[in-house]
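Here come two complexes built around chain A, the first alongside chain B, the second alongside chain C.
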Partner chain A sequence: MIRKLTLLLAALITSITVLAADNQYVLGVDGLACPFCGYGIEKRLNKVDGVTDVQVDVGESVVHVTMQEGKVLTEDRARQAVDEAGFTLRSYSVAEGRTGGGNGQ
Partner chain B sequence: MGSSRYPVRASLLVGALLLASVYTVQSAPNTFNTALPVAEGQYLWREQLVLRERSDNGPMDRDVSVQALGSVLGYGVTSKLAVFGVVPYFFNKELDVTTPMGRIERNTGGFGDISLFGRYTLYKKDFTGSTFRIAPVFGLTAPTGDDNDRDRLGELPRPLQTGDGAWDGFGGVVTTYQTLQYQVDGQLLYRENGRHDGFARGDETRFDTSLQYRIWPRSMKGVPGSPSFIYALLESNVIHRERDELRSGTDADSGGTQWLLAPGLQYVSRRWIVEGTVQLPVAEDFNGDALEDDYIVRVGFRRSF
Partner chain C sequence: MTRIGKWSGYSILGLVVVLALLGCAGGAINWNQEPPYALVHSWGEKGSGPGQLSDPTGIAVTDTEVFVSDARNGRIQVFDHEGQFKRAFGTVGDGFGELGRPMNLTIHGDMLYVPEYMNDRIQVFSLAGDPLETIGGPGERPGQFDAPGGVAVAGNGDLFVTDFYNQRVQHLRADGSFVRQWGTTGETGRGAGEFTYPTDVTFADDGTLYVADGYGNRVQAFNAGGDFLDKWGGPFALGLYGPFKGWFTTATSIAVGPDGNVFVADFYNDRIQKFAADGDYLTAFGSEPENPGHTAMAVAIGSDGAVWSVNFADNRVEKWEPVK
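So, the complex of A and B:
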């Protein structure tokens, strides 16, 4: 019983750590209209230092980017990555309190 | 000479069409190019199997069959400039013809002439969920294929060879309008064929259009992430070729105009595209006598990495 409680506590602490550590950005991207085209954006954003996950939402024309603890994705850096992929950054915002998953690659 | 002109011309057209049609590597038409972007540092790899049959109903009862594989590698130098290499491999190029000696078969195979070309995005206008782009395309075809292969009857007709021995140049413009629901592409391309050993294929002008309409998912409402799409395709290729140049004159039985329509399907995922079309002749107006297309099947895949 104690062992189970300990494991549960450890999992809870880990979750809180992840919540506190990761930060996620939501990028609005214009020009994105098919899943195959979106891979170029994933590739460029994954080259940005500190990015741990990139999720492209084609239907909403947005890209969710998760950064490591202490790393920041500036709007200029996001715009550069989207430009390098051949698309246009429409909007940039920080999604507070959300966590990312694994590596998008 | 007269009996070999028709298959010669047919084989030339086969080769030209094959090269002109394997350029595409983005989510795009199956038979020509697109203006959609290749990200800086992104590679695109494509393989397309081409099966083409041509024949006539004349006394020579000619049949030309081509089974080939077009391999394409693309690379995004910048977000606007992409370069591509095209390597055709002919499993078999075969001519069957009835002669006074009876029915004969001549064939060859191997690597064809390699093409290199660049595409630059001159204009783009991005909207939420759609984009419009215009991109010029310029390239060269190098004489890397065999142009003097022989069989038991002697040297094969020039166009039946896997290469034509000449440098060719081509250029044009491609435009794309893509939305979440459909995509329209148009291409105007001119190919100037070089001369080698007293022979030059006729220069070629082609106008291609394509409509790709998403049939799955039926609606994007409430569909998160990057779902795979299935597109229905309908493509049109209008191709005009000048007469072939032969020594100081031209071959009266060469060149002409052809219109092909190609229905097909395309499965598009995040990193893969699997596709297939069947090109069917709608109208053909060749100079003199010529072989007619029966069909051209194109199946293949594309991979992004």
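So, the complex of A and C:
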């Protein structure tokens, strides 16, 4: 019985982790070193429904976006936000296992 | 045979002249007219405690104090000229007295003008740090902003604001009412009086208004009546970017010194460039980044001619003086 409960708990944790991972995205965008650019990406993406956190990684030229559970950032919506900020979306992928920080303005 | 040799000589001479002209126009041929500046003092490190910085994006100086936009911490920090922390004001947010990514700072009289990138407004503080008023709000209509980056204040209190994503410079009364604008709202342009993501603006004593046309990679100058005077940056100031003398790769801040010289933060080239009032290149100096990113984000000039800058990549304040 205890073994079954342990397995069930492990499966539940795994499912939650996978769901959480599905809510995080990595956008490749070049030319983000200048804050006038990086902040623009943050500003546009923070206006997308369901976005809870945007982190710009200047060194890797990527943007990590965290969405509310159950919300999806489609590639088209990501591209639109990046375009509005004056950039081109180089790559789009769903992150695996990364957890977002606070949405510091 | 002699004639062919003669014409060959003229052709080569002509080619050299054309190349020399192109080189001068493009900055490839350019002589320093002044020695560079040397770093004489710096302070700061990444963090959120007093004296620590997280994304310094703007700077302004008085005869005794240095004001720094500590953007990601949502505050203005004030230091003495030796780098001793004196006070801080503001916190992250969009309420009165709160700040959403403060950018290029301007001191006029006894007031500090703070453009807020995320809150789309100009907030005015006393130099002690008391919030006094906010001007503007988000949007693209006259008097509204989309990521203001810099502000200049005229003698009568009128404001001139670089409205980054709206691709314009707005002239407003002190109460925020609209007077006029340069540039076409939401449309980038390469012509005179058109902008490509303008970042900062400043006045010279004679009333000339200088605009850092950020991704236009150039400076534009207007007279006191608002008429276009001049532009410089790369060949014919067409917007080409590059590392040569007099070129820019994203101009993020601009300031005028006591002698009327113009200093421009040339972000991706990690340098401050100094020009005469008419745009003649004088010298350049800056710090190589020790962390990912670039250094030369914002510049301010003291009344003694010392140059103050914020090093974005390394979260530092830097003071420069001419090499004697």
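Quick note on the criterion: the second predicted complex is superposed on the first by the 78 of 105 C-alpha atoms of A that agree within 3 Å, B and C clash if a C-alpha of one lies under 4 Å from a C-alpha of the other, contacts with A are read in each partner's own complex, and residues count from 1 in each chain.
We take it that a contact is a pair of C-beta atoms (placed from the backbone, for glycine too) under 8 Å apart; a residue touches a chain by one contact, two chains touch by 3 or more.
The structure displayed is predicted, hence computed values, not measured ones.
Looking at the superposition, the partner that touches the larger set of chain A residues, chain B or chain C, turns out to be B. Within the superposed three-chain model, A:I41 lies in touch with chain B and out of touch with chain C [touch as defined at top]. Contact with chain B, but none with chain C, is seen for A:F87 once the two complexes are overlaid on the shared chain.
Of the two partner chains, chain B is the only one touched by A:Q55; chain C is not.
With both structures placed on the common chain, the touch criterion links A:D30 to chain B but leaves chain C unconnected. Annotation: chain A residues 33-36, 39-40, 43, 58-59, 86 touch chain B in one complex and chain C in the other.
Those residues of chain A that touch chain B in the complex are listed here as 28, 30-44, 47, 55-61, 83-88, 90. Residue ranges on chain A touching chain C, taken from their complex, read 33-36, 39-40, 43, 58-59, 86, 104-105.
The residues of chain B lying in touch with chain A in their complex are 26-27, 36-42, 76, 78-80, 121, 124, 126-131, 178-180, 183, 220-221, 223-229, 268-273, 302, 304. Interface residues of chain C, counted against chain A in their complex, comprise 55, 57, 71-72, 74, 92-94, 100-101, 103, 117-118, 147, 149, 164-165, 197, 199, 214-215, 250, 252, 267-268, 292-294, 297, 312-313.
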